[in-house]
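As written, the chains take the letters A, B, C and D, and residue 1 is the first residue of each chain.
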Amino acid sequence: MGRLARIPGVAFLLVVLGILFGIFAGGFASLPNLLNIGIQSSTLLLLALPMTFIIMTEGLDLSMGAVLGLTGVVLASALVAGNTLIVAFAAALGVGLAFGIANGLLVVKLGLPPFVATLGTLGIAQGIALVMTGGESVAGIGPALPKLYATKWVGIPFSILVAALMYAAFHFLLYHTRFGNYVFAIGGNREALVLAGVPAGFFHVLVYALAGLMTGFAALLLTGRMNSGHPIAAMGMEFDAIAAVIVGGTERQRGNGWLPGTVLGVLAVGVLRNGLNVMAIQSSLQVASIGLLLIVALLIDSIRKRQL
Amino acid sequence: MTPAPLIEMRHISKAFPGVQALKDVSLAAFGSEVHMLVGQNGAGKSTLIKILCGAYRPNQGEFLVHGKPVHIESTRDARRLGVAVIFQEFSLVPYLDIAQNIFLGREFPGRIPGTVDRGRLHSEARRILDLLGMDVDTRTKTHRLGVAQQQMIEIAKALSQDAKVLVMDEPTAAISDREIERLFEIIRKLRGEGIAIIYISHRMREVFEIGDRITVLRDGANVASLRPSETTMDELVRLMVGREVDTTYRTRFCERPGEAVLDVKALDTKSGIRGANLTLCAGEIVGLAGLVGAGRTELVRAIFGADTRISGEIFLKGRALRGSPAEAVRQGMGLVPENRKTEGLALLRSVHDNMLTAGLRQLFPHGWYTFAKAKRAVEGLIKSLRVVTPSARRPARFLSGGNQQKVVIGKWLNAGSKVFIFDEPTRGIDIGAKAEIYKLMETLVADGAAVLVISSELPELVAVCDRAYVLRNKAIVGELRRTDLTEENILRMAMQHG
Amino acid sequence: MTFGERLKFPFKGLVLLTAGVVLAACGETKNRETIALFTKNQTNPYFQTVRVAAQAAAKESNVDIINYIPTSNDSIPEQMNQIEDAITKRPSAVVFIPVDSKAMIPGVEKFNAAGIPVVNLIDRADGGQFVSFVGCDDYAVAMNTARYLFEKMNGKGNVIIIEGQGGSSNNQKRMAGFRKALEDFPNVKVLASQTGNFQRAMALQVTENLLQAHSQIDGILAANDAMALGVIQALDAANRKALVIGLNGTKEAIDAVKAGKLLATGDCDGFLQGCMGTMAAVRHLRNLPVPPEVVFPITVFDSTNYQGADAPYEQRMCPKWESIVKD
Amino acid sequence: MKYRLIGVALIVLALGLSSDAFATPSNLLNVLRQASLIFLSASGLTLVIVGAGLDLSVGANLGLSACFAAAAIKATGALSSGFAAGLACGIIVGLLNGLMVTKLRLPPFIATYGMLWMLYGVNYWYMKGDTIYGFPSSFRALGSGDLLDIPIPVYLMVIGLLAGGVFTRYTTLGHEVYAIGANAEAARLSGIPVSSRLILLYTLSGAMAGLAGVIYLARLNSAEAGIGTPLLLPAIAAVLIGGTSLFGGSGGLAGTMIGAIILTLVLNGMNLLGINSNWQPLVTGVIILFAALIDSVTRRHAELGA
């Protein structure tokens, strides 16, 4: 029974939106369009997965959008400079990881509130990206990345493959490894973890480092999709990621995390935006309906919580 | 010649900035023995066991196992030497299941490095739970468990470390008598298997019921180490407090109660209270007795308006209450809640600010806050309640349990409350401060206030109350006048089945 | 609380709510040809004029316009998503203003792959096949307008430049145009060049600061009209005088020229481009000839020649294609 | 708090030395004018954060209020109707936020983030991409005018500061807000009507955003749908740099004013020194971290010492 009570309001919303758009938005339910939704949501999912861990440990990471912009530009510049895709990707991962570890140290070791620490690193990452590129996008990255990005395996586009693989990895990490237990513990009862002799600080920093690392993978998709790097292309994505995680049923208190919920949250936003686009709904209504989706999803949860 | 202790701490000293927590303390844990560790709050008990389990490191002192010196630098060292501790605040992770909690930090490695061998984890957990006679599924998430079950999981955690020395910090604080009995059975069984048990407690009855040896700590130093048979309760209290404590909590009882101040008629609440009727008169101290889970807290929270009421009437000084804490406070009711730290105080704010939280409207009816008047009110209360604090500006976090409770009471005095509800006022408070709090109740009632007090400490209820209601599974099952207010009567009423 | 019960409660309220929202706005007709118009953001009036013009041109040649505007302004990933979503609707043709000239190339290639003809409007994309590029020559307009300013300053004095948003290609071309004009007037000295991100408020704040630093400023070049109007606000507040020029020729700028506050604005009129872009797409669908480039003659509106350009957009009609394109 | 004043003094000194135009009285007044706008939009937000809440809709609310005020002035020609429309819009949005957080018990982050999107939607629909411009100079003076050569918005900031100071220190309401921020459940059980106080806070935050919108309209002399968007992060940064903690129960408006001044000094300094504005987010980020580090060190020092 525990599983059923767990389903967040967003699951119902997703089903309803799917049905409504299927009926009213011509071409919505077609396979290419569903693949579109998958492609469009994959980058956001790569940010939302580690964000789930961060929110479970009563943290927050506002810097992911800006760091993704920076790692995207690093990847593109490395490719333009003639490096192989592997080297360029390693550089992007390195930069992302560095920012992740920096966030972790600021929050865990120096005790800064997560909102403030990551707001600071947001500025720094965005600043470096802008200064590096003078605000221009970095193009001419050669064929290697676009070719990789365009590959399909059994008809499934590369970005959806990466997203699915990453979800499996995070699911395994959270539910099948010691690290996963410790993520629940850091959020639920950090004192107990320390008393159990576990270096809680180390794993807590690891949670933030993981977020930084994932911006490297997300950069692969974003730069591949745009065939160029852009310093502020991903601004605001961190807010969408936070919203998707919270709408998906993960709560800041007591380490109450639910990874599948995050996927539902990401898809709900993706389906709504795509559906409204396909129906060519007036743009101002699209904007308002995103806000409505967030609030209705949370409303369902808060009403159900009061009923139980 | 008594056998060599399993583990021994000698000449332990530990100082924190500004306070010498432990001065040359020694403690020995002998196999198959329940070693009671008693002492007031701040006597250094929890510091001592945190040093034993490696959470803190002593400034001086040595550890001996079977007479040979060893080092305990971290919780891992302590665990290696077979020391396991159950702290008062449970060390459970709500959204992990029972097996994951029991083996937190000591998971069995799976095939792939970093993973957990879940099969073995759950089978081992099952084995330990069976040992404790718990038939709960090891996959249940701990946030679904009751307090007593969580207590058992803590013990299972200790047993899973096949601990030779088990330290328990006030394990019976939040569980029912039935569950206490079950706990003592398990303790006796473990003792039989040669395990040394160090048991910290404030409850004198437990010391004599299960203790084999008693060590008394006062102000961070050994005061005495003796057998229960060699001492009496009063002597123990004197040793603990270091001065004569008159445990006569109440001198004059209320002969002629004033007019009915609080009147509850046929109260049903969403939290399960059914048909409660209750009256409270000025000048009276009325007790609410019952087992854990009998619904005493639910009842007072409904009266105070903190929980939603389904039906029934509540009259305060004749006026019907609609049911919100704000209204209750305006009409002169004050609640000293069960958990001070989360519901009674804002720990980060100063004593000054905490004492004013409820009385703002009372002290400053026109809405304009003046420092002078506020300061006078707070200083006055600090003096009259004898709150031990270097200054009114000190955050409440740094005060002892007793002083924190006094601040909460001060909060309600500032609000001019006439009806006080105390929910377990003396839990986690040492003997000295307990007496002061009950004396305070007496002065309140003497000035014409009325007091409703919940307490699981039956001896205190009997010593303090003019009369008492007894609750059983969320209903008031009887009322005991002063004359027949005895522990036996209370227990009989509270435990009657069917 | 069985699963059924749980479903029942939220389902009722929820279905009504969401259905209401979605139904209220749908109802598209299928038969007529549709043109997908991609503009960069919701708030810049310049793109609103483009949308109004496109609507006017579409009504004339009875085609339908579908607008694709990112919910967060100038968002590259969102415009990319909207391209893919548009392709599912199979529009007959696309009029496309890229949010970023390089990042949007893969998007244009998706249109090409889907066999949908694309007209590149206003911001020239650096790749992908287009039926035609319709837009004003940012470089030339900027150069001419700057030259006009320097002539009015009889070739000497101090100026400051308020740049547009770093990433946009038309900003790069406009800066190049300003620099070219500066080469021809050696003793015009550039005191400072800071960005206002094409935003009025930022341009106002930057100008306020620069006015503090430089006591003698004779001319101010703003990369678009919105910023030029912000500059004017700053000058009024500090009651300082300077010759200000902007680019785009928006109606508000024309009014400022009429009021003598703005010296001149380079005509890169959104309305005209909206019309011509849409007409180019329609002509292509009707396989009428469309030149690879339609670049408008450069006019610099000043206090003498702004007539006709200040009519409100709603009443304005699209000019005849032939009057502009002399092949 | 005194560390922040030293921080401001250090920045002023450094910039004064490196650019002679910086330390002139007119430039400093100019900085105060720009800072006062951030302060106005962040003042209501400060009190919400003191009450352990959060209001992400401040920027969007400001933008919508400005547009309604502009339309009202154009329609009726009376400046007072502009104020009324702006404030009304701000108050209604604040009230809705308050109701969502208290009655519907939605987490403040999501409730106000959802409101942000809905406000943008309404704003885009209402303005349809157009601009309303050209307002009488008497109205424009509110934003860009001077009185005894001190910018008028600075007077508003000072008034806001005094009102806020009186509210937080000398009214029972103000103390109740700090109590709620520190421990909402303890406050509720002390008889403080937490829900109605929170609704008041969010309404106040909305009202201040509305007022800031009107002043912004006066300063810009035009209203578009997007003018509020870039103002959210600076408002939050000003509150955080000012030392108000996100966990609630501490901080105040004086800190927010200093935070606003520090942020404006950065942009002003960079413009004067001709530093390319691409460096601006980097410098702001470093300042936010620096201010937060000072906080955590001083708090940790206070804890150990106490």
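Assume a contact is a pair of C-beta atoms (placed from the backbone, for glycine too) under 8 Å apart; a residue touches a chain by one contact, two chains touch by 3 or more.
The structure displayed is predicted, hence computed values, not measured ones.
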Quiz item: Is the C-beta contact count larger for A-C or for B-D?
Solution: A-C
Practice problem: Please indicate which chain is farthest from chain D, where distance is taken between mean Cα coordinates of the chains. | Solution: B
Self-check item: Whole-Å separation of chain centres (CA-atom averages), chain C against chain D
Solution: 31
Exercise. Provide the C-alpha centroid distance between chain B and chain D, rounded to the nearest whole angstrom.
Key: 45
Practice problem: Indicate the whole-number Å distance between the mean C-alpha point of chain B and the mean C-alpha point of chain C. | Solution: 70
Quiz item: When you check chain C against every other chain, which residues touch at least two of them?
Solution: 42, 71, 166, 195
Quiz item: Where does chain D touch two or more other chains at once, residue-wise?
Solution: 117, 120, 124, 276, 278
Exercise. Indicate the residues of chain A shared as contacts by at least two other chains.
Key: 130, 134-135, 282-287, 289-290, 292
Quiz item: Pairs of chains that touch, anyone?
Solution: A-B, A-C, A-D, B-D, C-D
Practice problem: Over in the complex, which chain D residues touch chain C? Could you list them? | Solution: 19, 21-22, 24, 26-27, 30, 33-34, 117, 120, 124, 127-131, 133-134, 140, 143-145, 216, 219-222, 224-227, 229-230, 267-268, 271-272, 274, 276-278
Quiz prompt | Interface residues, chain C side, partner chain A - complex | solution = 1, 3, 6-7, 9-11, 14-15, 17-19, 21-23, 25-26, 28, 30, 42, 66-69, 71-72, 75-78, 80-82, 84-90, 100-106, 126, 165-167, 172, 195
Quiz prompt | Interface residues, chain A side, partner chain C - complex | solution = 4-5, 9, 12-13, 16-17, 20-21, 24-28, 30, 32-33, 36, 39-40, 43, 130, 134-139, 146, 222, 225-228, 230-237, 273-287, 289-290, 292, 296, 300, 303-304, 307-308
Quiz prompt | Residues of chain A that touch chain B when the two form their complex | solution = 2, 176-179, 181, 184-185, 187-189, 191-198, 254-257
Self-check item: Touching residues (chain side chain C, partner chain D) in the complex
Solution: 41-45, 47-48, 51, 71, 73, 166, 192-195, 199-202, 204-206, 208-210, 212-214, 229-230, 233-234, 236-237, 252, 255
